[in-house]
Every structure is written in C-alpha cells, then in structure tokens.
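Here chain A shows up in two complexes: once beside chain B, once beside chain C.
Our next item is the complex of A and B:
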C-alpha cells in the first residue's frame, strides 16, 4: 500500500518535468489499470503487449496497476472503467478504456495512427 | 425531529420497511419516516430543481443529526464547488470532512481524452466507492449525477448493466443511497433506467406560472410503504430545504374554550365580553380604508401585552410603514418588535408563488412558535394565483394554524361598494369569526361601522357599532338608530344634539307647568284662607247673636225682676243675677 502511494507521486507536477525529459528520449510510458486477474484485464494486457511489440519495439514501458491491491490510486488517477490504459508519455495524456481488442481504435487512441 | 425518530422506530417494530430519516423539514412526514434504509432512491428533475441541495442536506443531516456518516460522489461538480454551494445553507462541509463524517469524491470523465476499445466494466468506480464507504464507515451515499457517465462513455449497454450491478451492490452493502437524475423526454431520467432500479423515486419540479416560480416535489413511487401522493411545494431557504406536507392534516384539531381578547374592550363585549376563542380563525373584511389593518395591529399589540408571541405577515405595507401608521392610532408596535414578541414579515405577494409563500409562512411559524398569526391582507394572494389556488392555500394555512392551536387573524379587502357576504378568496366558510367593517356614507361624510357577521360557538352581538380611531386607539360607539335609519358621525352627533334640545324643551315645559300648578294652588289656598276668615267671622257673628239673645233675655228678666221687686217678689232673685253677671264679663 505504502509503495503504491509512493509510486503515485510520479503524477505530481514536479516529477512531471523529469518525465518530460524522458519523453524527449522517446520512451513511451504506458500504464494499465486492472482489477485483479479478470479475463478482460488479462486480454487487455496481452493485446497491449502485442501492439507495443509491433509498433513501439524497445521504446516503451508498461506498468500494470492492480486497483484491488491499491484502491486509493483509483481516486488519485481518476480511474472509473476497468481496464484503462493511460498513455502518459508522450503527451498529451490519453485514456483508452476497454480490453484493447479493437486494434484500430487502440492505435488511434495511442496516436500511432490518424483517425480515419 | 423526535417524532420522526419515533415513527421510524415504530416501523422497525412492526417489521416494516426500515427508513432512514432525511432530517429535511416535511419530507420525512410525506415519506412516513424517510427514505428506504439500505436501498437506492432516485431524486430527479430538471436543471436547477434542487436535486444536489436536497441530496447534500440528506448527507449533512445524516452526519450531524443521526450519526450516519455519508459519502458524496460527484460526477459534475468538484468537492470545492459543492462545499461553496452548500455553505450558503450553513452546512459546514469542510468540518464534517475533517471529522470523518463526510467523504467527497469527484469522478470526472473527459470524453476528449478517452477512447473505447472493446469490453470493459466499471470496477474502478466500484473500488472508489467501496474505498469511500470504508474510509468513513458510511451509511449514506449520494451519486450526483450518475448519468454523466453516459456522456463520457459511449457503450450504453455496458454502462446500463454496470449501473444496475452498482445499485445491487450498494443494496448489498446496506447503504442508503440517493441517485440524482436529470429529467428526460417523456421519462423521469434521460436513460430511463434509474427509476426502475430505485426503490423510491422523488420528482422535483420547478414550474413557472404567470411569471412566478414554485418548486414542487412528488413521490412517484416508494416500494413497500404508503406515502403522500400529492405534489408538495418546497422551498430552498437559508437553512436548507423545507417541504410542506399540506394535505396530511385531517379535521382533528382541538377546540379550545380559552378566550383571547380582541384588544378592543367594546368589541370584546360584543363577543360575550370575552373575545375570540383561542385557536380559531378570524376574518376582518371590508372596503379600502375601513380600518382592517388597525384592528389587526391592535389584536397583535394586545397579544404582545399579554406576553404572547405574534407573527405578522404583511403583504401590502412594509414593517416600518405599519409601525408608523399604527402609532397615529395609539398602537405601539415598535416596543414589541424590539422585545422580540412581534415579528413582522413583509413581502409582496408577487415576490414568489403561492406555494412558496405558504412554505415560508410555515417555516416562520414553525421557527417562532407564535400564539397569534396575522395575515394582512389575504386578498392580495388573488394577484398571484387563481382564485382556486388562493383558496386552497388559505385553507391549508388555516388548517395548519388550527392544528397548532394558533389564533389566526386575517384581513380581506372587499372590492367595490356594498357589502359582500362572501370574501374574494371564498374562505368565509372556514372562518370561525367574521367581522365586517363597512363605511357608511351619509350627509357628505364617510364613517366606519363594525358588526359581527358570525362567530361560531358564542352568543355574539347583532348590533352595528360605529368605529372611531383616535390617538387613544379604537373606540366603538353605539350608532343612532331612529326613524331615519342608522346614523353615524356628524349626523349622529347632530341627531344627538337635536335630541338633547328636545329633552331640554321637555324639561322646560314641565317646569312651566309646575309653576302654573303652583300658582293655581296658591290661588286656591288664598281662596281657602278667605273662606276660612269668612267662616270665622260668621262664627263670631253667630256667637254675638247668642250673647245678644242672652243679654236681651237678661235684660228682659232684669226688667221683669225689677218689675217684680217693684211688685214685691224676691224668691228666685239671686241665681239669675249671678249668671247674668258672668255673661256680661265674657262679652267684654
């Protein structure tokens, strides 16, 4: 629990600047919020992993946050739906809700592809 | 509050549906004790109808009055905005949050930064709510307004099933929930879903009729319990929401035999010498300028002088204006206002709708608990609503006053000339004592007259009295009733002068007669005296006649004796001689 709250500090403004520097380095920071080992969560993780391997090889970092274990983060990070993927870097921040089974939409959401 | 608690306790004992009291004025009465405990309730209505305020009051009252901590999940406003909004109602939200009695969470979904890609659920929402409930051990929760989720998320099918699951889950957790909803087309909420999953649905309405708005509340459904089905007006005031349960009152009020003075001694005598009955309703009607307000103010002043609290609702004049005007007739209201016995609430009837007036009057009466309530005048309500509405408002007000054993004093302006034995707002049948003031126009002047049209339960005077206002107050004078009809004012005065002259004349005539009789008596007395002296002289005369006769007889006898002596007879001489000497002495 304590660790989780510490982790959440990364979204605080002063930390943002450091993150922004990282952003320039071109590394993608992705966070996947799940609630336990639900089928939707597992498939979301698998879908994300596959997409990243295809489009962002070596340029990404995925952090999985289990809200069952860290419920306070749901409030702090404004998470309502599960699973939610948050693209923090590069900016702008985007939230992608769902199990990411719709690849097209996911890529648009991640701004890896222009919306048709 | 205690009766409400008692009520909900009784419900528990009868193994009925348990209720969570809202602590909102009047709402607990309509719902028979509060909202269904441990179940969701929907409060719906259009924008600005008071959903958020009502639900917030439910939480705050729960935390402060019933020791039930609460959670507020806002989907639209931030906790700071909310706290500001309700601070105007005197709710110290920040303090309650500090004391862990309230917990706020703001759920925000920005559709612009959200993309939906496939299957999802709202577990994150559940986790947040669960955490919120656990952190303050909440018994109450408000979700305001949950349908905002539909604007942020597009997959309605998922949202629906998830929200239904949420309601179920809240029920399982045993928290009493309020869900607010925006009113939709042809249904109570936009999604048409909340009303089915809620056990109780309260519809709020903000209606404008003739440019006047009135807030109304109706319980659309309440599973497993009876409830008031009417539309009830409610108000949002400085102290929160108050609902007015208007039709819950049956004709059960007590009838006191205690009397209250009218404040005018002569008027008291017209009412068996004791005045009105306590707890009844009194109507004073009359044309403009007949002194209705003066009677009302005097009644109020008299109540204050007895130490009774009085509330005066003025719908024509401001408080200062009434105070000034009444001072001119020797009624001092200012003293009582300063001492806190008299409370004047002046407002224009058009300031708000009828219902709002009624609710605010209720509120003032409930807060101040007066013994006397004055409404001056009733007829102005006609300007606000229709006759029917005004009538129902007044019946409700009068019923309420009676149930509280408060004496109600109303004035009513009769339009036009002549006496109408019917009030403009047609409340005459529910009035107990009806006093009519009228102006009598005679001989180029206008005078006020008063009479009692009816007074239930007492033997009241049937006389018309003239009313005179002066700096000494109200004075009732007998009118002159003669062959020329009822006379008042200067004509009464002139008639009285005429009568006085007539009386004087009578006295003088009598005196003259008396003198004449006296003179005659004296004359007769003189006559009597003359006759008496005549009688006396006659008596003397007759005596003289006798003496003369004796003398003559003596002389005759003397001469006879003399003759006898001369003839030589001396036997009986001595006796006759003595008698004759005596008679001669008396005569001299």
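Our next item is the complex of A and C:
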C-alpha cells in the first residue's frame, strides 16, 4: 500500500489539484502535516497508516507535508498545531489535530464511525 | 427568512471553528502535538518542542561521515563521534578552530569555502592532520544552517579511495614496466639471434678460408718447387756443365757469368715470392711496380701504375695491407677478369691513402664481389683485415665492362698505432683483455637476456648479478667488477643511490646506467651521483658495446 503514500517535500502547485477522475473514484484523499521527524509526527504517520489499512484498504492516498521544510504550506489549511491530519476527500473537509493515538476519536473525525 | 439562514450559517461556522480550537487546545494539553506553526515578523516558521531533534542527532551520530558545526571564524561548537574517530582523537575538540586540524597547505581553500558561506554545493579535497601525525585525505562540503552565524561541515574519508588509486597507478606502472622489459628482452633476443647467425656465417667462412689457405699453401709449395726445379736447378746444372767444360776450355768462362746472373735473378724472384723484402726497404710505389713487372713477365699482364708524387708516410702494417691488396686484386684480374691489362692507381683522398685496381675484363655484380665469401677468399681476407685497421673497400663492376676496386686505409689509424705500440716483448705471453661485468636489473627476463647478450661477445665476463641497488652495493664489494651495468628504476634502492654508494667506496669501477626513460633530470642525477655513462634501453644494442669498450 506504500504506493498510495505520496510525500511532498517541495511546493508544487500541481500536487494540490485533485484530479476529477480521482475525486470520482471514491478514493480517500488524506493530507498529514508533520514537523520533520518529531516524535509526534512519526507516531501520527504510523497511526494513520494502520487505521487506513484496517478501514480503507486500497481506497486511500496519504500525502505527507513536512512544514519544517516548507512552513508556508501551513496556510492553506490554517494549520496551528502539528501534527494535523486533513481529510480532503470525501467532503466535508475535516481536521484532526494530534498524533492520532486515540483511534476512536480519529475514526469519528474521519466520519468512519458515528459519535457515541 | 433569508436573514435567519445567514445567521444559522455563521453560527455553524463559528461552532466549527470553536470545536477546532477546543480540539487543538485539548491535543496540546494531552501532549499529542510537538510543533506549532507561527507567523510573526520573522515570517512563517515551525517551532519544534525540545527533544524533537533526537532522531536527527541519532542520524548524525551514526552516519559514516565526519560532521561538525562551525562558526564563521572556524570555531567548532558541535561534532559527531565519527569526526573524532576519523581524526584519531579521543577527546572533545569543541572550541578548537577547525583550521588547527587541517594541513597548512589546505587552509586557504577551506578559509575561502567558509567565507563563501553556502559554497554553492562546492566540494574540496582537504587533508586533515590526525592525532598520530598521519594525514587523512577527505572530500569536504559546507551547508548553511538556519542560523546565519553557523555552517554545517561534512567530510568523507578518501583514504581508501586514494589507496586504491595509488594501487591502480602502481599496478599500471608495473604492467608498463613489465611490458617494456619484455619488449626489450625480445629485442635483445632478436639481436642475440642475429649475432649468433653472423658468428655462424663468419665461422663457416673462416672454415672455408682455412681450407683455401691449406690449398693455397700447397699450391705455393708446388709453385716454389717448380721454380726451384725449372729455373734454379736447371740453371745450376747448366752452370755445373759449363764449369766442367771450362776446366778444359777456359774460353767457356764467358758463358758461365751470364748463367750466374740468371741464377741470381731466379733466386731474387723466388725470395720476393716468399716475402716482400722490398716493402721493408722501399716505398709502396716501388714495391707494387716490381710486382707488376713480375706479373707481366710470368703471366703477360700489362700493368700501368699511376701514383701521386708524394704519399704520406704510412705505418708498415698499412703499407703491407695496401701492397697485399694490390697483389690480390691484380692476381684476380688474371684469374677471374680474363683481362690482359690493368691500371693501378695509388693516391690520397681526404687524408686516407688508397690503391685502386681497374680492368676492362668480364666484370660481375659488385654486391656479390664484396659479400660472397665462398668464391673470393682473397677479397674476404682483405676486407677483414681492413676492418681491423679502420679501412674500407668499395667496388664497382658491370658484367662485360670491367671492374674497379678501391682499398682505402687511414694514414694514422688508432688501432694500428695501438697494435704497434703494444708489440709483445720477447718472452712475454699475451693475455686477451676480458672485462669483468656485473649486471643489476629488477626485471629478471631483461637481466638474463642482457647477460646472454654480453656473454655471447666473448670479451665480457659476467661476474655477478643483482636485482636491486642495495644488493648491488654488497655484491660489488665481493666480486670487484671492472664495470657495473645497472638499471636506474629499481625497488628497495634505485640505481642513482646505488651508483653514489658504489662510487664512494670503489672509485675505480665504471658504472653504466640503463633506463627505458631518458628524462634529463634523471640522467643528470645519475651522472652526478657517480655514473659514467647512460644508455636508453631502447637503443641498447646500438650503444652498449661502445660504452663498455670505452673502458
């Protein structure tokens, strides 16, 4: 499933354009904002990958944005605290802040599970 | 209604943002985030909480390159462990200036790199001084840090790469040297084979010459016996008869005296045939003239002698060679040219004296005349003797149009002078001079080929061989050679150093240097160290014997 993970270290506008075909394919488009190799960033990435494998196998794409290298990329989604996960597709857009260690809360945030 | 919808939408948005703010605060409180995006007067940046750089530290500590952070003036304020390992240091060098660890010659380049700051990805080779005094070759790069006062310096150990490069160059050099040696050995082998061929040809010719000499001696005995029998004996018998008759008839005494004169003439001719006493007492012109008269009398050859009025004084050996050449050539005119007349010219040209014999006889191929040793033993013998005194022979001939042969000898031939000056004293046994030679070369093939070549000459005795300069010095003391033939490029000790040591201890030894290369610096160093002569290996066969015979 690694092929679905796209790490973008350089600001390339085309990266942000979601292709129509992709949008209609039903594939989840997730973006994880990290700060280099900070411990919480690494935890968030590991937790996200595990959750996706369990609940969205074959139907997701993760883009990892390193804000240490490109701080300006934080503006698009008004990122304040890092790590932050942004669910871009399916709409509505949702943000989940933190290392995603609370699985229940993350699944609710991703709308994969109803809030209790 | 529309107003109410707008209010609802604003409320939902505010609620959403409030939820997000609450979630952010909660995540911070729970320690689920460790970095923040801030935008202030310094621009956009991410602030990372302490401890987050641990993975980077681990990476820096574990990487195989030496890494350090230095200030603009070169002061080290951080370095990884590999930095110390590569430089062989066991103490922290924080606070030292990086320049104190770099070799003096590389400092300006590193100073320039630090002054340039980002260096544009430029890499430079820098030699570090290790703690044990050895040197560490490195490839060094600089990278700027966020803090403009500091630079990150990373270097790679190049010692293994340099060692391999050195090994590759050495290997290539050895391969080239081996190929050179093999080429030279092949060349020497070819020369040796050629020399052997020439020796074989010469030996064969000498064998035939010896046979011819025996036959000639027999013919000469027969001719002398005939002269004694036909002339002298008959005259003596006639004389005895006349003397017997004169006892009774004294008037017959008048007939006795002419017979006595005839006996005297016959005896003189016989003596002249056996030896050329005239040559010892008379000049060359008179001697040749006398012989020409004999040929006319006995064989009917009409000879015209053209001689310069004043010929330079010649050593007796030269006079003898010229006379014998003229005699041989005139006899050839009778024997081979089938001519009844010949011209003999005795002249001087460029300080040399020559005798030239011309005939109008049958003629032949001049190359055959000079080179064929099977049928012209007289000429062959003359040619060899001429070579010995530095003379030469030339011929021009055409079938049906006669032959011209010229024999030239120098008026002051060094070898003749030497030959005359080194006449054996009565009772003194003459010993041939053999030069004792030691051969030194690290290439075994070449050394053996050289030894075979020298040995084949007969005048050189190989008394020892060595494969390097050190061994040569030791061996020279033991065998005390006349001459050392020594390669200049050798392991352990080269030929230049060896020549210096040998010259200091054995000033009388002659040292001849050999090399495939002829750089002026190397030759000058060799000659200054005590070498007597230098020969390029590619011109060995042309020059070595001359250099050795100069001794």
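Simple rule for what comes next: the second predicted complex is superposed on the first by the 95 of 116 C-alpha atoms of A that agree within 3 Å, B and C clash if a C-alpha of one lies under 4 Å from a C-alpha of the other, contacts with A are read in each partner's own complex, and residues count from 1 in each chain.
Heads up, the rule we're going with is that a contact is a pair of C-beta atoms (placed from the backbone, for glycine too) under 8 Å apart; a residue touches a chain by one contact, two chains touch by 3 or more.
For clarity, every value in this text was computed on a predicted model and none was experimentally measured.
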Chain B versus chain C as contact partner of A:106, first or second or both or neither: first
Which of chain B and chain C A:93 touches, first, second, both or neither: first
Chain B versus chain C as contact partner of A:67, first or second or both or neither: both
First, second, both or neither for A:82, with chain B first and chain C second: both
Touched partner set for A:37, first chain B, second chain C, both or neither: second
Common interface positions of chain A, toward chain B and toward chain C: 35, 38, 40, 67-68, 71-72, 74-75, 79-84, 95-99, 101-102
Chain A residues within the chain C interface of the complex: 35-42, 67-68, 71-72, 74-75, 79-84, 95-99, 101-102
Parts of chain B lying in touch with chain A, wherever the complex brings them together: 105, 107-109, 113-125, 127-128, 130-132, 149, 152-153
Residues of chain A that touch chain B when the two form their complex: 33, 35, 38, 40, 44, 67-68, 71-72, 74-75, 78-84, 92-102, 105-106, 108-109
Touch list for chain C against partner chain A, complex: 20, 23-24, 27-28, 30, 32-37, 43-46, 48-49, 51-52, 54-56
